[in-house]
């Protein structure tokens, strides 16, 4: 898949809550085929302190409208600046980057996301459903305030929420949700490392394949710098080219 | 005069031509007494390459509305960014800085400005007129396109223009304007160094006092760094505290 | 509740925030903006035995996240300082340190001796690292033997706290630090500016009259932090860290790397109130992290 | 009309723009973005005698106008390069240079000897300046005698163009440059990264697994330019300049300071097409300034 560097145009922006937003960026040329789990690397301009690009998962792709959706959580100067983009602003993007989640067929799949780790799951859910899988998504957040953007998942399957304070959905962590009593064939996860490790442990205990998406810090995003490695059974390998999605069997978790 | 550091609000912006604009910035507290020839040092935020503040002359002061006017020519990233400020934006300013032009009484004064060197002359013209002087201003520009903002000077005296291409006013440099055949008591100038040197030479030949405003590069603007010195008969002295206005007799011109 | 006091041996600072020499004038330039008594100390301009005109204009160039300067120690000489400036500023309720520079050892010694007589100056900072003067200056700071000899001679005449300011333009800064410690330096401050250069591609001329100059500002912070940490692991005297500190977070980083106190330089030009803001920010950090004494943070980086 | 060709002694570059080792992979990573044959040359990844895993994650930290890295020469070793990578990339219609690194002199020598056999590799860049490996690396580049000895031994087995990459972490880079020139280096490239460090004040941990790492990007440009100019005034062999080049203007500055060619490193991460843009930008500059041969700009800075 050829990687591109292109100016996109900010077409739409939606604040989901104080610190989370989704932006739709429109490509000037027809989008190439983009796989679930892939990411983009965006140039944040007009700031004093963002020197490198910022990697962001591809939240959704609308090929008809030539749009990529990005789901972003403000954590520092770069993501804050992205939140200030105005409609019509340009955003320079290197894409599509990274590998992809596996897409099984006709299976019972479980997706678990926490924090901004939900970003790649929506597009994944669509692909899973398209391949005839049954999709169950669990979103783990702190409280009701953070339980944003649940509806889109409903078109692909079931969506559950866990909150740490119990203000909505089940109280606790996503790996404690009662739906886990059902039997699943595959798990897919993205989010904070402790959560992903819990999902990995659950999957191992059930003996089902589990794929995680890592968010290692990156300088280039396309295999040139070797800064983003993760320690695997094959040694240090690049998260940006051979990941961000890894089967937990590859990792030393 | 106590120096201040304050957030101002951008209240009005007017493009004079492609590369020149005037912004009105409003102080949050009543303005202190500001002298003609003084300058401000503004913080340019949200850019990758403007690390230091940018010094700008005080173009005009409206004490009633609590407004300072800045007359800015885009020459690099900092001034370009100032041109992109939106109404309501904040601008952090250190002011008032530097010394001032002398204000004689009941004399015939000649003001010569070139390029963005006209910036301090409008406020100077007002003070000169208020002190009972007759004010003649000559603005030297490349062509008619750059002969902007002439009207405000008219309330304080006469205004003439020279253009290099003769497209408006007299053709040539300001020091070649026919009004120089009149006898003046004082000259005040600001603009490109070659022009100021020509004005200095003219003034010397006529044996009249001449004050120039220097635009040396500055790091602090208030006497702390000693980066902005000019070589005077008293040695290296700071343009930001003992200038920017100098009587040409002090300089080694 | 939180205790910001630090001791550099006998020298007590009410908090770890000082100003860097050459960036804070004589303090007076900042009186409009801040209450100087809120600082741990101020370092006044580089002072030499004799009057110096400094280098010709242009002396400054902006660089990515930093600036180059080539001021070249412009000052009116130590006698003028003692007679005219000291009386004006000795009422400041903070530590006033004089940054002492020179071209030959005798100059350092004579200047230090004169400042030794000033009651309200509890310490000097020996500048053996100025890159902007042709003779002397940085040359002293770039070899162990010359650094040792200037400290040895000054130590003979200077009886109060002797801080030595090190140059980053060296292969191994720990060697120099150890050499000056061995000669009786009470503390070391680092870093002075990195030697750099800037060119205007349009005119094809250097942007500084001296071609090369001293680089400062956030661009040098990673180098400065590294050197503070290296020196912390090499000497037993306290370290004053500086180089690119723009906010309290940066200051904390230097303290964690091993600095007992810090200096703020270039940042003063951008925000003349930055020093007192950093004092406040350190307080807030300590409250948030439940750190009682700022001294608990010194060298507290966890490298396992 | 404008002639961009430069010669580094026998090595002819169609234009002065090369890529910096460790920032351009094996070129393949950039094939989607640019036509590699438009470059003067590419420097492939640091290659060592044996396979190296490099340092543990995290290996990277963003800094003001720059970044720190601690990759630590991760590569599969020279044999793998010769057998597997070279055949894949030797069709590139540009100069391919291999950056040769090592921990002990024999490693350098053996690696260089193997690369000497590769037809389509006209030159190596001897990396005596990597700050990210415990043994060797930078240590060779920070003393004249060790720099000289590694060049001397490699020179015996390497018959083509021998470029030596210098470390900026030294007191006097001209000494090292003269030492390697005396041992038969055909050119020098500078600078490698400055040794730096970054700390997360919240977690109180270093941001790199190795604590210190190599600083690159525009923050180092003033230091790099200064060193290029110093070395230009000290040696007779051609200089390849690098350190923080982000655009054609920066590249011109290095050429004016004395570089015959330049390398682009960190900028490749931010704009993978930057190298060809810089070639275009140099052309435009030459047309605008009516410079016929880019070689007319080498060292053409006017310092009076």
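Going by the order they are written in, the chains are A, B, C and D; count residues from 1 in each one.
What we mean here is this: a contact is a pair of C-beta atoms (placed from the backbone, for glycine too) under 8 Å apart; a residue touches a chain by one contact, two chains touch by 3 or more.
Fair warning: this is a prediction, and the values are worked out from it, not measured in the lab.
The minimal number of chain-to-chain contact steps leading from subunit B to subunit D is 2.
Chains that count as touching both subunit A and subunit C, per the definition above, are B, D.
Of all the chains, the one whose CA centre sits at the greatest distance from that of subunit D is B. A straight line joining the Cα centres of subunit A and subunit B is 54 Å long. Centroids of subunit A and subunit D (each the mean of its C-alpha atoms) stand 36 Å apart. Chain centres here are Cα averages; for subunit C and subunit D they lie 34 Å apart. Shared interface positions of subunit C, i.e. residues touching 2 or more other chains, are given as 63-66, 217-218. Annotation for subunit A: residues 48, 51 touch two or more other chains.
A ring topology is adopted by the chain contact network, closed into one cycle in which each chain touches exactly two others.
Chain pairs that touch one another: A-B, A-D, B-C, C-D.
Residues 22-25, 29-30, 32-33, 45, 53-54, 56-67, 69, 71, 74, 217, 266, 268-273 of subunit D touch subunit A in their complex.
Here subunit D touches subunit C in the complex through residues 63-66, 68, 142-143, 169-172, 194-199, 201, 203-206, 211-212, 215, 217-223, 225-226, 229, 244, 249, 252-253, 256-257, 285, 300-303, going by the rule given at the top. On subunit A, the positions that touch subunit B within their shared complex are 45-48, 51. The part of subunit A that touches subunit D in the complex is made up of residues 2-5, 43, 49-53, 94, 216-231, 235-236.
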